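In the two assemblies presented below, subunit A is common to both, partnered first by subunit B and then by subunit C.
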Partner chain A sequence: MVKRIVVGAHYGLRDWIGQRASAVYMAIYTVIFAIAALTLPEMSYEAWSGLFSGGLMRFLTFLFFLALFYHAWIGVRDIFMDYIKPTGLRLALHVVVLFLLFGYAGWAAQILWRL
Partner chain B sequence: MSEATARKPRPKHLALHEIRLPLPGIVSILHRVSGAGLFLLLPFLLFLFDRSLGSAESFAVYQSVVSNWFIKLVLFGLLWAYLHHFCAGIRFLLLDLHIGGDLEPARKSSKIVLAVSIALTLIIGVMLW
Partner chain C sequence: MTKRTLQLKIYRYDPDKDEKPYMQDISVELEASDKKLLDALVRLKGVDDTLSFRRSCREGVCGSDAMNINGKNGLACLTDLESLPQPVVLRPLPGLPVIRDLIVDMTQFFKQYHSIKPYLINNDPTPERERLQTPEDREELNGLYECILCACCSTSCPSFWWNPDKFVGPAGLLAAYRFLADTRDQATSERLDNLEDPYRLFRCHSIMNCVDVCPKGLNPTRAIGKIKDMMVARAV
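Right after this comes the complex of A and B.
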């Protein structure tokens, strides 16, 4: 049995739930998107951009991206925690990944709201 | 059985070439590998998404990029990574809910995950190719 002193802020439950909640949302979105995309009458710019220009689909797609980036943050952080032992390097990589994902979120917003 | 395993000398280190990973273990490590691959190629996927929605001209650029056979191969690999991550993820969510946690169902569901994700990759991949 692992003995530890149970004090402190939290033990990762929030991340555990966040990873699963984002996964469930992405799974539902994936099915909706796949049906909508595969039943497009033709693969043209008008049809493809029309798919995302509606208010609801734009909102759901942006939410998908946010869920994706949050999910990726937890997953990549877990990989670094498992394999990158030097603390300084690991924390530096965490910062790089966070910055990247914040940048991607801005990029995704720009792509969707330019339509 | 427990006596037999107790007498066996315990491995002192993780010799990766000696470890025979059971099927659920293969699904698990592929879940991690596919997730890492998808993360690494996120900027490329966002670039494609950006070009495909920018304008009619950039859409033409996007179409010429994805018509390259090597890019198609990469996207085919990413499609598998996404679908494997998707199927294995659903399996893990069910395990979290204590569904299929016994040895036999767990082995069976890992087979299903591997088979369904490859089958879906082939079906959707051929539709899009």
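Right after this comes the complex of A and C.
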């Protein structure tokens, strides 16, 4: 490949909005979760798993984790773009982080639907 | 009036003589007429003519004498000597290659500026007198056209330090918005296409170092926000 600076990937806006939207959702979820957790009748495993037995709470919580992972993906990618200069290494790190986050999403689902 | 002495610590580097840069402790006798940091530097140049720095208009219009003054970028000609704690530490603008002493190579900075096409694009036949704007439309250009390209902002921006070859930087983006905001310009969509890029525009994380240092009191962060607003308006 010829050694020239290439830019113009024509993306960025979607991620920029996505990062903000996911932040708003996480903020709202944090309030919902805090209220739900504080109004638990008692701090026991039964009450705790009862909180997540409803389909809506499970769905909202899973959505929270997806928002968190999407938010983290953009943030971590930004850090790599700033500090990791060799393109091959950057690509490899991107792939590793993506696999990790997909793994975490699956893991989060498994935990939520097991509770 | 009694003579005043100014203590300075100046970054010195002459690639022909010095193996590496060093900080030189030096003091200069000031005259009563010396009000600004540039006055002191010119006075110092009279004593040690090897000291190199850029200067031209000496009144904050040309943007030549931008440097890092006590850790903050600014124009020497606009910086009051009274306001400076001593010793005054002078370094070249951070993040750009040093040519000699306080002179940096601005090639990268101007490359980014040129990349946003800093001129009006209008393919209509030239009118007999001028292309008119309403006063409201003209109002939007205030706070944009005043930029003197001194590079204080871009060289205080970490995103520009890490990616000066790819990130346009606050000065370039302020100029980009100046033409995006101009109702006489016809290349709005191409300009937005040119900036819609994870590096060129979206390296900005709104930390506002640029706003903090701008000697003309301009606000590149706000202009960048407006570019993003335009992109959102175009996309949704």
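Throughout what follows, the second predicted complex is superposed on the first by the 104 of 115 C-alpha atoms of A that agree within 3 Å, B and C clash if a C-alpha of one lies under 4 Å from a C-alpha of the other, contacts with A are read in each partner's own complex, and residues count from 1 in each chain.
Quick note on the criterion: contacts are C-beta pairs under 8 Å (C-beta built on N, C-alpha and C of every residue); 3 or more make two chains touch, one makes a residue touch a chain.
Just so it is clear, the structure is predicted and the values come from calculations on it, not from any experiment.
*Asks:* Could you say whether A:Val24 touches subunit B, subunit C, both of them, or neither, answering first, second, both or neither?
*Replies:* first
*Asks:* Regarding the shared-chain residue A:His10, is it in contact with subunit B (first), subunit C (second), both, or neither?
*Replies:* So A:His10 only meets subunit C here.
*Asks:* Looking at A:Met81, would you say it contacts subunit B, subunit C, both, or neither? Reply first, second, both or neither.
*Replies:* second
*Asks:* Identify which of subunit B and subunit C touches the larger number of residues of subunit A.
*Replies:* More residues of subunit A are touched by B.
*Asks:* Quick check on the superposed pair: does A:Phe59 touch subunit B, subunit C, both, or neither? Answer first, second, both or neither.
*Replies:* After superposition on chain A, A:Phe59 lies in contact with neither partner.
*Asks:* Is A:Phe102 contacted by the first partner subunit B, the second partner subunit C, both or neither?
*Replies:* It touches nothing on subunit B or subunit C.
*Asks:* Enumerate the residues of subunit A that count as touching subunit B in its complex and touching subunit C in the other.
*Replies:* none
*Asks:* Considering only the defined contacts, which subunit A positions touch subunit B in the complex?
*Replies:* 20, 23-24, 27, 30, 34, 38, 45, 48-49, 52, 72, 75-76, 79, 100, 104, 107-108, 111-112, 114-115
*Asks:* Where on subunit A is subunit C touching in the complex?
*Replies:* It is residues 5, 7-17, 78, 81-83 of subunit A that touch subunit C.
*Asks:* Applying the document's contact rule, which stretches of subunit B touch subunit A when the two form their complex?
*Replies:* 32, 35-36, 38-39, 42-43, 46, 49-50, 52-56, 59, 86, 89-90, 93, 96, 124, 127
*Asks:* Flag every residue of subunit C that touches subunit A in the complex, lowest number first.
*Replies:* Per the touch definition, subunit C meets subunit A at residues 158-159, 162-163, 165-166, 193-194, 196-203, 205, 228, 231-232, 235.
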